[in-house]
Amino acid sequence: PGIQCAQDYEALADRFIPAPAHAYIAGGSGQEATLRANLAAFDGIGIAPRLLRDVTAGHTRVKLLGRELRHPVLLAPVAFQTLAHPGGEIETARAADATDSCLVASTLSSFPLEDIARATRGDKWFQLYFQPRRESTLDLVRRAEAAGFGALVVTVDASVQSPSLRARRAGFRMPDDVRPANLQHHVQPGQVTLSGGQSLIFQGLMSEAPTWDDLAWIMGQTALPVLVKGVLHADDAHALQAMGVAGLVVSNHGGRTLDGIPASLKALPRIREAVGAGYPLLLDSGIRGGSDIFKALALGADAVMIGRLQVYALAVAGALGVAHLVKLLREELELCMALAGCPTPADITPAFIER
Amino acid sequence: PGIQCAQDYEALADRFIPAPAHAYIAGGSGQEATLRANLAAFDGIGIAPRLLRDVTAGHTRVKLLGRELRHPVLLAPVAFQTLAHPGGEIETARAADATDSCLVASTLSSFPLEDIARATRGDKWFQLYFQPRRESTLDLVRRAEAAGFGALVVTVDASVQSPSLRARRAGFRMPDDVRPANLQHHVQPGQVTLSGGQSLIFQGLMSEAPTWDDLAWIMGQTALPVLVKGVLHADDAHALQAMGVAGLVVSNHGGRTLDGIPASLKALPRIREAVGAGYPLLLDSGIRGGSDIFKALALGADAVMIGRLQVYALAVAGALGVAHLVKLLREELELCMALAGCPTPADITPAFIER
Amino acid sequence: PGIQCAQDYEALADRFIPAPAHAYIAGGSGQEATLRANLAAFDGIGIAPRLLRDVTAGHTRVKLLGRELRHPVLLAPVAFQTLAHPGGEIETARAADATDSCLVASTLSSFPLEDIARATRGDKWFQLYFQPRRESTLDLVRRAEAAGFGALVVTVDASVQSPSLRARRAGFRMPDDVRPANLQHHVQPGQVTLSGGQSLIFQGLMSEAPTWDDLAWIMGQTALPVLVKGVLHADDAHALQAMGVAGLVVSNHGGRTLDGIPASLKALPRIREAVGAGYPLLLDSGIRGGSDIFKALALGADAVMIGRLQVYALAVAGALGVAHLVKLLREELELCMALAGCPTPADITPAFIER
Amino acid sequence: PGIQCAQDYEALADRFIPAPAHAYIAGGSGQEATLRANLAAFDGIGIAPRLLRDVTAGHTRVKLLGRELRHPVLLAPVAFQTLAHPGGEIETARAADATDSCLVASTLSSFPLEDIARATRGDKWFQLYFQPRRESTLDLVRRAEAAGFGALVVTVDASVQSPSLRARRAGFRMPDDVRPANLQHHVQPGQVTLSGGQSLIFQGLMSEAPTWDDLAWIMGQTALPVLVKGVLHADDAHALQAMGVAGLVVSNHGGRTLDGIPASLKALPRIREAVGAGYPLLLDSGIRGGSDIFKALALGADAVMIGRLQVYALAVAGALGVAHLVKLLREELELCMALAGCPTPADITPAFIER
């Protein structure tokens, strides 16, 4: 209806999602400093346009992991999408299919990964959370391979998950019928028994967090390219690249893990510098419109992922909403490229950023 | 009535313009970051005054394209002025006549350029938008020459035109009786047919956008001096100067094209540096009072253009309003010059800017 | 009553002054950018305290023009004080007397300078506005000399006087019975006749503004030390010192002249640097409490002047109010000195400023 | 009830503390610039996390003055705790006992220091205010030694105590039954008689303020380690270290002494630089959550002290509240360490700070 730009889905979403669930989706961790920083980082830089350039051969195609994507807008892994719409991840996958968007399915999806995979013919990656037991983790990988996912995205920045203060204050608790469909037959995390003097965090929750060894192990178990999601430090980026990781997602999980960490856009340039040109880098956290995508590309990303906007559009109008969202984002990006004088993504360099 | 300063016309205007049209005029593109940046840029710098200087021989005369203007306040090209006042551009031209202001008539005027030209004896320039077909463009130029316009101002930053989000949300659509009088007999833009996989933006709308070649071509067709409006990058400025353009308007179209581009005031000093002293530079976007004009002159502009204030004053009181506005702006500028210790525009140098 | 700190007089004053007059007093020129900058400049810097120092021999005495003042808080020249209190400048002078404050009487006082002089036994200076005719100016000087004023403060930053936008919007006009008592028999300013094409500002109002020559002339006419008020530029400061001016008031007239000029506190350090140590420098504009005085002294002022707070206290409680205000300011300054570890004004150096 | 994070005690406290007393506790001195700066300093810096690190051997233990504390959260000295809860300091001490927190008892406690000491088996220090007479001061020290306090914390930044403007405006006065239990038999401060021309501050209140000599004297009188609280300047820190002080508390007294002094967090890095590695440094003022503790440790503190939060939790739920608060702060700190990749306090270095 009154959707004029991608961000309008955000404003509309609270009419379609019950307040507690909306707080869970929209909120960030802690005092939400990182959540705010994500948006402020995009607003804080400008675009330096060039004039009179011929853009009539323009397009938005990008190459990623040896494949050509029609546009650099990926659908980020978002858990439990039935919170937003009964059709959940299946609707999202249909939208991905309709818009040639690469879909990243979450480990914590409400529908089995096989069903999601079947719903889109396009590129799809599987986002992997390490499980308490290695056999569970491996089982997920094997299923993802079998279902035709083309890459693994290992998320490493959210070892301890807890709803945000905002969600808690809104009284959010996960509804009983919203469950991690992929993990029905696996040990659930967080079941550690502590002895006296031990810390719930260090010896408890974090005992299941992946380490460098775990990452190396999983890379040895699969032929799929492995990306790592949640990178913010140049030294980590460099180490990951050195150990053969196929690409990185510069991300702070949309401000949903440790509050106080930097905007991912702020971290992007030094990570690009650390890994050099040509190495696959994605960015998410804070993308709200086409010019944000332009800025991310200009500062070194090959593509971006969309988290909350995707959920909002899903809540408002299911597959149609998500497809419309992607269409709007593409148009906004194209308009931005056209008016800035960049016919293709490759033309969007740091020179187009105004500070 | 209660008009104490030029900017008061802004506050008053919404009583005289219907809300949707007001949103169209006042709004900027996108989230209006550039619109806000325009104002913030002026507020963000100060004036460093000097004491005890004799200013009794003071005046506001400036030389531009070999002509002496009585003051450096030009009336920017503003489309469809009947939106604000039934007398539209004719009223504005009368005000220009009464106040010795140089008028810049838009391609998209509600009245034919010939009528506008007849309404003022003073300096007048014609703002040119490239048309889908070269013969249409050339026809406009020939008519402007014949009507006595003294220069062409080619606007190059608004190849894709669309109302702002603000305007859309306010339900604005161009009234049926508001039409581009100069273009009645020409092909309208935006009629391209796309094949599958083509982009509405790149292969559609932008197929009619002017390029360096088009600019060179039009310069070869006319003896009028050609200025280019919408310049923000020093390298573009330098290239335009090199190809023989007669002067530049440093402008972001009042924040109405690509949102996120810099305030024109911010771009001004580096453009002045790129083109050197003596080359004609105008600035618009964000001028709201006499001290803004002072700041623009100090940072390298030879003169400024007034967009929205002009429309507001037109809406409030027609030709009288616009004339009064110019008078107020001049007085505010003179007061600023006097108290800063600058008797003439030539005295207003960067040394008078406080950071 | 509920006065806990000097600034509380500000909050209370609007109950004692009619709204239009209050707007006239409180307001600044234009959009009040300089007015705001004055306050922000003090808030923007911090104090770096030192510990465990013995301050039991502490005091606030300062030397100025060869005289010792008991404290560095002067009462700034403020015109037409009967606007705030029927007793006007006489009440203020009594407060100066009671608190050993140096009083600076304005040219535009509601009572004759002789009456004001009689009301205080303490130090007093006369603030001089140049008059349309030299004989009027000289007459004022002779009367000030005869009345026992110890110095002239020539104000040079307010050649064109006009009420602020805020005052105009509040409908302020000077009441008929408020008149410049010192100027009853002199030609009033602003009576110039303009010929066509001349500017009201340049050839009109500014024709009576003092220049370097006028300043030199008046210095040749009197044995009184001459200070200049309204200095913001280091080069002006240096030139004034070179021509024999006895001291400077770094001031922007409380944000009442040209809007957009810098906070006087911001200008202070470079002016101190330009004139060197030992040369008398005062500062006003924005002082609202004892720690502001501390900061001004730390950045190079020998003393400060209080404008609006003085008027507010006068309005609230006449001489008693002004005396109480000075007492509060002194106590606040002393507390600040004590807790910062500075027993005397001479100890307050830039090392005590935290940035 | 709805306590989700440590800071929630702040929001809840005003339902448990009468408004005037709340204003006294919550307020800062003057215009509260330092109070605001304390919070802004923490918000103004970010955390730079590292990935995939093994933190399963993590803990929060720190060494201080040769003792191992289970966590770096100390309870700051807070006067007159019966204002917040009838059980006052006894409740607080019980919470310290239950949570293995080091308690710092104020000279101005509502209960005698001996009773407080008895209420906790854990580490405890005594905060010393110098008294008008040396024998009173010495008597306090002897009693603290006898009661088993393990260190003296000499507070040197609050020689002149006065309620804040906020407290005054709220009509706060110390209730009659709230008295400094430790000082019942001693001369009260502030009883100096002044002669004419003397200053209430310099010759009055400050005559009892401690100097370097007083500090040296008290250090010669006791075998207890002496820390100094209220240090903000690197040179003072260096001098204190040089004279044998056992450690420093970088603090501005929670913004309750001189308004306008810097945030203690801002002062911390240069003080750490001045004293070198290994020298005991604590920080307080502005700690509101676990990530603030993390930031303080990263910038050079060995431990932190909690002022207002402690009082708020005490008011809300007595000993239980304070114990819960400490538990929350620890958990928040541990989560922050875990997600940032720091298993122990020693791992938290400046490299984990993002600017």
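Each chain gets a letter, A, B, C and D, in the order it is written, and its residues are counted from 1.
As a working rule, a residue touches a chain if its C-beta (ideal position, glycine included) is under 8 Å from a C-beta of that chain, and two chains touch if they have at least 3 such contacts.
Source: prediction; values computed, not measured.
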Any chain that touches chain B and chain A: none
Chain whose mean Cα position lies farthest from chain D: B
Self-contact between copies chain B and chain C, residue sets same or different by half: different
When chain C is superposed on chain D by its C-alpha atoms, the rotation angle in degrees, nearest 5: 90
Interchain centroid distance [CA atoms averaged], chain A/chain D, Å: 43
Centroid distance [mean C-alpha coordinates] between chain D and chain B, Å: 60
Contacts with two or more other chains, residues of chain D listed in rising order: none
Topology of the chain contact graph, where touching chains are joined (line, ring, star, complete, other): ring
Interfacial residue positions of chain C with respect to chain D in the complex: 2, 4-5, 7, 43, 46-60, 289, 291, 295, 331, 334-340, 343, 354
Interfacial residue positions of chain C with respect to chain B in the complex: 30-31, 33-34, 37, 156-157, 159-160, 165, 168-169, 199-203, 205-207, 209-212, 214-215, 228, 230-233, 235-236, 257-262
